[in-house]
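There's a structure below that I have some questions on.
The letters A, B, C, D, E and F name the chains in turn, as written, and every chain counts its residues from 1.
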Amino acid sequence: MEFCKVEKNEIGKNALLLVLYGNDQKVISLLNDRLKTYNYKIAIGKVGSMEVQKVVSAIETAAKKNGIISEKFYREEHALYHAIIDALHGITRGQVELRSVQRTVGLRFSILRGYPYANQDEGEWIAVALYGTIGAPVKGLEHEAIGLGINHL
Amino acid sequence: MEFCKVEKNEIGKNALLLVLYGNDQKVISLLNDRLKTYNYKIAIGKVGSMEVQKVVSAIETAAKKNGIISEKFYREEHALYHAIIDALHGITRGQVELRSVQRTVGLRFSILRGYPYANQDEGEWIAVALYGTIGAPVKGLEHEAIGLGINHL
Amino acid sequence: MEFCKVEKNEIGKNALLLVLYGNDQKVISLLNDRLKTYNYKIAIGKVGSMEVQKVVSAIETAAKKNGIISEKFYREEHALYHAIIDALHGITRGQVELRSVQRTVGLRFSILRGYPYANQDEGEWIAVALYGTIGAPVKGLEHEAIGLGINHL
Amino acid sequence: MEFCKVEKNEIGKNALLLVLYGNDQKVISLLNDRLKTYNYKIAIGKVGSMEVQKVVSAIETAAKKNGIISEKFYREEHALYHAIIDALHGITRGQVELRSVQRTVGLRFSILRGYPYANQDEGEWIAVALYGTIGAPVKGLEHEAIGLGINHL
Amino acid sequence: MEFCKVEKNEIGKNALLLVLYGNDQKVISLLNDRLKTYNYKIAIGKVGSMEVQKVVSAIETAAKKNGIISEKFYREEHALYHAIIDALHGITRGQVELRSVQRTVGLRFSILRGYPYANQDEGEWIAVALYGTIGAPVKGLEHEAIGLGINHL
Amino acid sequence: MEFCKVEKNEIGKNALLLVLYGNDQKVISLLNDRLKTYNYKIAIGKVGSMEVQKVVSAIETAAKKNGIISEKFYREEHALYHAIIDALHGITRGQVELRSVQRTVGLRFSILRGYPYANQDEGEWIAVALYGTIGAPVKGLEHEAIGLGINHL
């Protein structure tokens, strides 16, 4: 596990590795084990769409299903929502739009929730990482894109 | 090396690993070896600033010093410039500004140049990856951020 | 009426009070009386939607119905349109989008037209104020937002 | 006080009234009294500048001086920072820039911290309201602008 | 032809004249003749829509039909796509949106491909010019707009 | 003059030709003659800078010196300012920034004021056209850019 050493305080890097290695079940399993020792709650998933709102929904649904955020409190929804939009800026680079500017994405996403700062009083934070491809709505006419949003919870 | 397997066609992911593992010389050395077998030209560096233009300059200078782009042709400068700005969107998430909105960055960057697509006729592409922290101009008042820009050359 | 004193030249503040006190008919009535002594033309209304264009349409329709702008001249439509878009920037804070980024608004709006500047030669101006909530398309998962657009007519 | 009735849950409207009535000490005093019964922490101030970062700094400084946020925790700084930037979108409507696009602002600001939601488990939130003028760097060549940013804390 | 003299290296100006004189077949014919002596590949067309993606599609389709870009290579699609989006910024001035902000366009477009720089090693570039009207979805409630995107190929 | 026929109602196209043919005194002279028969007030000029505000200032100064707008009324300043910012969107395509994103412009500008619409009751409008180059702060590392802003006066 030494090769891929990432500290607990790097919540963003941990989230990013989950999406970058998302196609390798063995690595994901190792990363999951480590993240649990860090007491991070984890959700991962995939979404492909020309609709930004479907990307948002897929991440929100995964977060709720996996108990990352509670459906009972708006504050958790609010923290996650802004982290998602922040991450989408890295993917879309200018206008947070897909279909309306004739492009599509195929993305892996990860969501981490936990205490990244050494000082526990900094409380809980949430990280949303996105990685995949963006391009014309034709297979292969695309390049990679990344995004990361981090918010206090 | 098996743990961290990344295909040649994933020029963005390769560039991202260089910045994510940038503090681990052993891993960087392994990644460099692999990237050379992929015939990628590589430059890495660090930059910390409240000025966006210093981030742009640091990357452009590193690209030229390491022979990633030629100073003789505008087209290479142009390709790199737009890749940098794209990457900065992921870091800044909204306004490509630092000092004017009272924040600073500490970033590692990597630049890769090569033939990512299986079809060689797709020609050369360039990837710029950025990873580090963004926040108030006070040590520790910051969180992570990532950015990736990819352009044809 | 003393409590809520607002000068004629503050067309924006006058428009804002109409939306902020919009649920109190007694106050609205008092504000209306004062605004008439200021020779302001007034329209108020409500709109809830996930579509930005429905917000734009609702305001444009109210402006025409209440004789705030004439349908015969594009210049009045043009002045109002840009005031609306300006006001929407305060509501949306980044991307002037609702459904495509999975959010909805419930807004009161007001439109004022008149001569706010002491110098009558400054001519007529229009103010559009918006106030309400923005959030997830689920009742209660929302917070307040405000917007104001001002344009010469 | 009846005229200006605003419920506790409308943290944004409460913050907005503080800036809209900022030039009337008697009203401000009444508003302050009510806000204390709502257990809101309050800071108000003024800032005029062609530099966005000076606006940000003025608000952050006032928030710390008045004990609205703690200087010990980044999470509070983070919550406030994003609320400020959100509020600035309403003021700047497009590009969060002043000097670089040849304009200046004269603003009152207010910061409120407390529990706006009926459900106490929604925790603390922060609201930043801005109101004043924006325009050319010449006295009188300006119109009003408003902004509001709300964040969970 | 002297009146309308434009040098080969001004690929953007050449593209702009094609859209500005688009309603005058005689001039277009003269411009075409000159552009051929410059070895520029040319496509022109018209598109009216409330959908940004239809504008993008119309230009992409014309580029392919007229052999400006090859459908076999993503790099050419990529170069054209970003030139189109750049041009749309001039038309939309803020948000690259039409229907969602209740407006429509009627545009002529031109696409030029060739070697604008004196140094042939600068290689091929592509220019996309757009000119027409933007405004409310009502005939006549509109004003002119222009856009130009230039990219290396 | 037949070659370059442009109708009076195309205020934007008229402004654009002034900047596109700005280096040809003979053509400019012909265009000026025609624009005077259209009763357009005209100002042209040049500005090169890495500061957006210098571009804004140069245009505002030229407008006042040439009597295009009156310095006595804010409404005229306001109309011109927003036309300038609109035009700059076409030049900058995303962020209305130059130095802070490490780029510079060399531009010709034109300002027209008059009655473009057949219906005189549509009143006066103003058009600002910009044309030139944008790129790295090194001579030759640049490509063309265009911008047009139109506003009612």
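Assume a contact is a pair of C-beta atoms (placed from the backbone, for glycine too) under 8 Å apart; a residue touches a chain by one contact, two chains touch by 3 or more.
Remember, predicted model here, so these are calculated numbers, not experimental data.
Colleague: Just to be sure I understand the contacts, which chains border both subunit F and subunit A?
Modeller: Touches both subunit A and subunit F: B, C, D, E.
Colleague: Going only through chains that touch each other, how many steps at minimum separate subunit D from subunit E?
Modeller: Step count on the best path from subunit D to subunit E: 2.
Colleague: Report back the single chain whose CA centre is most distant from the CA centre of subunit F.
Modeller: A
Colleague: Using residue numbers, check each pair in C-D, B-F or E-F against A-C and return the one sharing over half of the contact pairs.
Modeller: Among C-D, B-F or E-F, the interface that shares over half of its contact pairs with A-C is B-F.
Colleague: From the C-alpha centres, identify the chain that is farthest from subunit E.
Modeller: Here the answer is chain D, farthest from subunit E.
Colleague: Fitting the CA atoms of subunit B to subunit F, what rotation angle results, rounded to the nearest 5 degrees?
Modeller: For the C-alpha superposition of subunit B onto subunit F, the angle is 120 degrees.
Colleague: Return the distance between the CA-based centres of subunit B and subunit E, expressed in whole Å.
Modeller: 31
Colleague: CA centre of subunit A versus CA centre of subunit B: separation in Å?
Modeller: Centre separation, subunit A to subunit B: 20 Å.
Colleague: Between subunit B and subunit C, tell me the centre distance in angstrom, where each centre is the average of that chain's C-alpha atoms.
Modeller: 45
Colleague: Which residues belonging to subunit D are in contact with no fewer than two other chains?
Modeller: Residues 74, 78, 94-95, 97, 100, 125, 143 of subunit D each touch two or more of the other chains.
Colleague: Taking chains as nodes and touches as edges, what kind of graph is this: line, ring, star, complete or other?
Modeller: It is other, because the touches fit no line, ring, star or complete pattern.
Colleague: What are all the chain pairs that meet the touch criterion?
Modeller: Every pair of chains in contact is listed here: A-B, A-C, A-D, A-E, B-D, B-E, B-F, C-D, C-E, C-F, D-F, E-F.
Colleague: Residues of subunit F touching subunit B in their complex?
Modeller: 94-95, 97, 99-103, 135-136, 140-143
Colleague: Would you pull the subunit C residues touching subunit E in the complex into a rising list?
Modeller: 51-53, 56-57, 60, 74, 77-78, 81, 85, 88, 95-97, 100
Colleague: What part of subunit B is in contact with subunit E in the complex they form?
Modeller: Answer in residue numbers: 72-75, 78-79, 82, 117, 119, 121-123, 125, 151-152.
Colleague: Under the definition above, what is the set of subunit E residues touching subunit F in their complex?
Modeller: Interface residues on the subunit E side: 3-5, 10-13, 16-17, 20, 24, 27, 86, 89-94, 125, 127, 129, 131, 143-150.
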